[in-house]
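Shown below is the structure under consideration.
Labels run A, B, C, D, E, F and G following the written order; every chain starts at residue 1.
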């Protein structure tokens, strides 16, 4: 081998290393970007927390102040009210708005014993202030019998709030928000959407793939069908969004749903997924050797028997892959869903109402008044973790299946 | 000969054939439903998208010529010219491919042929992860990071940018977004290259590298081109992330990579604000154009591919 | 590139490279909002831009919302744009400019010294056109809450809206005056759907949440721009996929928007539109003429300023 | 790959026929010699008639061998056996013919043998033993037996030599009738030839088993 | 005596005339081999016999194909039943990716037979006939794909036998197998012809010579000659056959 | 006289002992055929000769493999050069998806030869030697995949010849071809052995018999015997060889 | 599939050797007859000596045929030719042997032939013509020639019959020496056998070409 050849080879090889290096760098940067901003926000609470804070007003029918000692473990940045036994700090909410956060509440604090004054079914029920809440507005009478309002809404700092508390004579009411900024609703909505989309798309997609691969004769109609589906896979998702609100919305209207909804999103996603499922299923049907079909038919089986007994079981890994790919696609989709499910983050998603998936929640957060990189990044991390888990499970499952039914 | 035929019941045979017919119908229906959607989409979008150009349009027809050839997109003055957007879209997508295609192919080659097995597994996972990252996340990343690169680059080159929002940023973003698609298809294509070809080349005294570049890549080219087409489709169709860094200029076409741009999808997404009227309907018109652009470029690539294929052989 | 800008949040840390010296030079980058934006309308009206005679400079960047505008201008040393006064300038790396020598503050707006302002208007669906009577009553109650009650007004105020708190009454009193509203009724299953302007987002959200503290109910905010406020409540889209109960505009409703059809309509607060530049921009003042010339593209470089 | 079962079946069939043919030939020799000794024309006639069976067997075996070659593509030991058999049957057939010739001579003789009996009988017996040994060696694939048989041919040759001169003398002495003496001289010659053919057979058997040609 | 009588058969794939005026009898309990160069129509002809060509679009058939005297292409003829009587074995062993047992039981099950005893008996019986029982009797529930190629092919034969067909069609059944496995299959065929009529397509003239009773030589869609294998290989009637089998062709 | 001398060769795939104590000479300008049951190590052995096994992880080799007296597994031995001298043809025809011309020119081009005249001459010459020139001379720029299977295999041979190797290794070169194409390849080999040393793995004993001068029989990694083909097929020395070639095996 | 080139080459080689063998045999006959006629012992000795060549050729051809069968798996016409040749060479070899026998007789004769010349010469000529025709028919694959040759055997048989009785008479008349007459009688017998063998050859040729057995 000549020197020239060796050098030339070396250069070409180096190019591939370089390219792969770029790929790694990109991933690292994307990951770093989301992790740096979002990692601190990742915790289990996030998954169970709602996005919107609960808004409560409580009153205190029997209110007595006490004398509390500041516990030693409270940090310097926390203001402590000795009369009410509460520690407060300044914070920022999901919108980067100022908050007065309850960091500590003495077990004996009178603030535990409020009753709900919000009109509704909970009216009059016992509800105390809880740690983590944000005091939006606290109305009290000070020792001068003057009504004083303090709290986040009044842009009071924790220090100021505590000062007002320590000057209390009578407690009127407290308007506080529970912790929000969670993704519970979007997570649920995502799951609903995945479930519903798959329920719609998988049977149709698989059946269509079966039709195309097993039955369709090579004629113009079939060709048209095939290229239609092929074309469908090239349609950008934003167009699917348009299609959703124009073509599919009337269908949901027939069901009595008059707004964007998870159902509408699922129908739209089903259309998005159809070509993917059909193609993937067809791929795996094609891999099933034609000989197996012949074998089955030559044993006097009907085509339906052949399909259900021989072909589908063999194509199962492919269908599984299709399913998992579909799930990834749903998780990642945004443009189509912005149109069909809206951008309002619903904490208690319902199939007949709009909601956001995790990805749309990111979009929603990013395109809102104040882009929230942190929460977006946190959600991104969660999405990446889900995707990673899916990826690993696909590999594990197909490894299992291959090991068991390897056709080689 | 002990025949089993007496065991076979006539009734079962009939039932079996009945089911056969039933399922065939069912499968056909599914196929039909799947196929009909594209027609629904086209019909609906065309109907809606053509609407603004028809005399019957409430508020008067928008001149289609102006739409197709216009070089301004100004909602405020109700000027909708899509020509420059098409050009910008194509430029940004091609720019993306220019960056991404060689990198993808080389990475795929690295993963399949060069890297040791453990590294190649890691790389595959990396590519898969990149593929699975939702486009909004890329959008966030682009709005946070890519724009700054572009901005610094522009500063070095003596240009000023709109905070990095630019054609180049769109291209880089799209390049990153299409990279995993193209890479994984290239990986599939390269893996599909029969081992015999590789051995054939080595047996002729070619080095591994020569084999990789002369035989493996050549043999995988149709799969690689399929990836290119898919990548291009994605580049054209990507909306949410692109609209975060495009800048949505009102005129064009833009050839300066540091200038703001406007793509068909970002235009459509900007129209999201609207639910009625010309502004709303015109995005269906843009949709038609988008579909047409995708179709035409696909055909174009097929053509180029055939030409390359032929000249190679 | 090995330096990792990825580690930096664009919103938090201004780019250190671009230390603009005295007298910024170069092209002015104009940022604007989409054509349906109420903020844009208020802004253009306020600077004497004649929509019918003049056109916006073609090199303007169109942003998709108030937040988008804020973050984009905050990222562009050469940028100039306009946002609602409610915007968090610091967080977005923005510098608000004095307009005609007047600082954009609530006081100046209230005192009418600051002229670049607009109202936040609302309109509800027509009476009897709600999904239920409860929804209709709740809508009335909410409108009463943000226009009359101390709780509502202070929530808006707290979120940066400009309101006159002096005539406010406690919600408990106001509630009794609302037709058909009974605090004893369970409204927790009702969803109040608000639509329209994106600029009202922040104040409205604060108000809705404050109202939730008084009455248990659900809300759904899907805001895309002032143009939709009327449309989705009374206009062609009132029964569409994005229909709403209350529509908002960050301006007065226009003549073709027949708000009189609605059950209720009015204004719940005022807002100022603030011309902003990137925080490192040495500029701190701007005149109506200057900004006008910039917007129409007659003034294109900082040097000319 | 050979289809062993089939090939084996066909080979066995051929072997059986060959054994049958060999014993028919042996019978032929025995009977023609007996007819000569006993001057039994009827026996001689039966030898002539039965030769048809030998000829048919030869054709049959040959056809079978050709079939096996063309249909079963035998190689190695199988092929050696087939080619050996192909040759053996010509030899056997020739031996049969010689028996017929002898039987015909017996028929043509006016009276039976005379003095020559001892020579011819001895020769006949020796060739019969040779043939038996050859057959056994084929069946047992025992090449030692084949070698023994082949070596016995020397005795036959010697006997013939002796007989030839003895008979020639008788001719010259013009003892009895020349018509009978000359045919009987031929008889000796024929038996000598039978011995030669048996040697050929033995050589074939050795070739078949060993794959090499030995000549005796 | 004649299992199949084919009269004046013509077959077109679209415009391509793949089989031309074929007249042939396939005899009971004999092995008939079809030979000829690639693409001459051997497989096509074989597949005519169990109407496997029905599956291919654009096939047109004229002429008569009588199976036990019944026209199999008649409209009232039932192809599913036909295929239970005319089994088929393919070039590549193609067991279903199921257990050995399920493979053999498949044919019966799709006929609606569920009786466990019947199934068990048939499976055992068929595997025995296919000379596979001894090798797999302890592995009946193993995946059939774990068997070796030769075993798989015998399994496919067992699977066909399970339906007690009258005829077994085989399309190059050993071309994917090594010589030893081939030898086993050939011996199996030899033993099966007692009970079944066998028609086999083979590319190996030697194989045709070894195992068949009758040989048919096809060329470009024509049946050039058919006769007892011995005769065809000994002295073919047609020059083209001679040229082909002696390698003088092409 | 001896192109290859192999002494005491052992090869392991991981723990699997695939070739055991092989001693063999491969003679100049002769065809040596390797036969044996599937998995006995024929291909492995063939691939030892041009170090194709280097590509498989976990292969371990001991012993000597001398090519023209040079140890090819010596550290200083250059595998790329070796492979230009020891060409290889594979079971499935594997032309590169390029033009016929480029296929043949490939080997030279990767050696850095760009001279058009040299390339043209070599291509023509190699195609002629591979008995393909007449069939493809007007289609040199057609894609090689458009050729028929047999032509493709001859093209692969031409491709190997283009480098003027001393040895051509062939691993079941006709097992994917029909009898007619096989015949052509066999005739080609016959004519090539004037100029080249040929080593061929074949599953067909008949083929080995027809074309080779020497035959080696492998069994379970052992070289059972090697000798002139005539002798091996006439009277093998080893009972196992006899059993294998006469089908008594297994 | 056959490897035609190779097979053809080998077949041609075998055919050439066969032709060579045939002409050697023909020479053998000619020369032994000539030696007989001219009482030329040296010529006769050369016949005996040259027979080694014929024997070796036979062995060589046979080996080649077996090789072709085992290595080339011939079928149909190829196989028929090979098997025909396998048989033909035994016949040729036998004819060679008969020539040697005749030559040996010539050597053993005290004086040359006498009256019998015309018989023997005629027989010798006829067999030679037969052999030539057989050779031609083999080369030309012309079965008519073969049939003609085969039919000529009748003449040889008739001549022998005549000669036998003539010679027998002479013996009985005790004309000249018995020592010479008897060998010369054998000579006739040998020539008759040569004719028979040529018939065999012709039958083989017919079989080879036609694939069927005709018997003459």
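Points worth noting:
By our rule, a contact is a pair of C-beta atoms (placed from the backbone, for glycine too) under 8 Å apart; a residue touches a chain by one contact, two chains touch by 3 or more.
Here the structure is a predicted model, which is why all the values come from computation and not from measurement.
In this assembly, the chain whose C-alpha centre lies farthest from chain G is C. Ranking B-E and B-F by contacting C-beta pairs places B-F first. One finds 91 Å separating the Cα centroids of chain B and chain D. Work out the mean CA point of chain E and of chain F, and you get 35 Å between them. Spacing of chain D relative to chain E, judged by their CA centroids, is 49 angstrom. Per-chain CA centroids place chain A at a distance of 104 Å from chain G.
Residue positions 1-4, 66, 70, 73-76, 79-80 of chain D are each in touch with at least two other chains. Contact of a single residue of chain C with at least two other chains is seen at positions 6, 9, 64, 71, 242. Shared interface positions of chain A, i.e. residues touching 2 or more other chains, are given as 1, 5, 29-30, 33, 302, 305, 371, 373.
Contact annotation for chain pairs lists A-B, A-C, A-E, A-F, B-C, B-E, B-F, D-E, D-F, D-G, E-F, E-G, F-G, with touch applied as defined. Here chain C touches chain B in the complex through residues 1, 5-6, 8-10, 15, 17-18, 26-27, 29, 31, 34-37, 51, 55-56, 58-64, 71-79, 224-225, 227-228, 231-232, 235-237, 240, 242, going by the rule given at the top.
The touching residues of chain D, when paired with chain F in their complex, are 1-4, 7, 73-80, 210-212.
Across the interface of their complex, chain A is touched by residues 16-17, 19-20, 23-24, 26-41, 44-45, 48, 102-107, 109-111, 114-115, 123, 125-130, 132-141, 143-145, 176, 179, 183, 207-210, 212-213, 233, 236-240, 244, 265, 268-269, 272, 283-284, 287, 290-291, 294-295, 298 of chain B. Those residues of chain A that touch chain E in the shared complex are 217-219, 289, 291-292, 294-302, 305, 309-310, 313-314, 404-408.
Interface residues of chain A facing chain F in the complex, by the touch rule stated above, are 1-2, 4-5.
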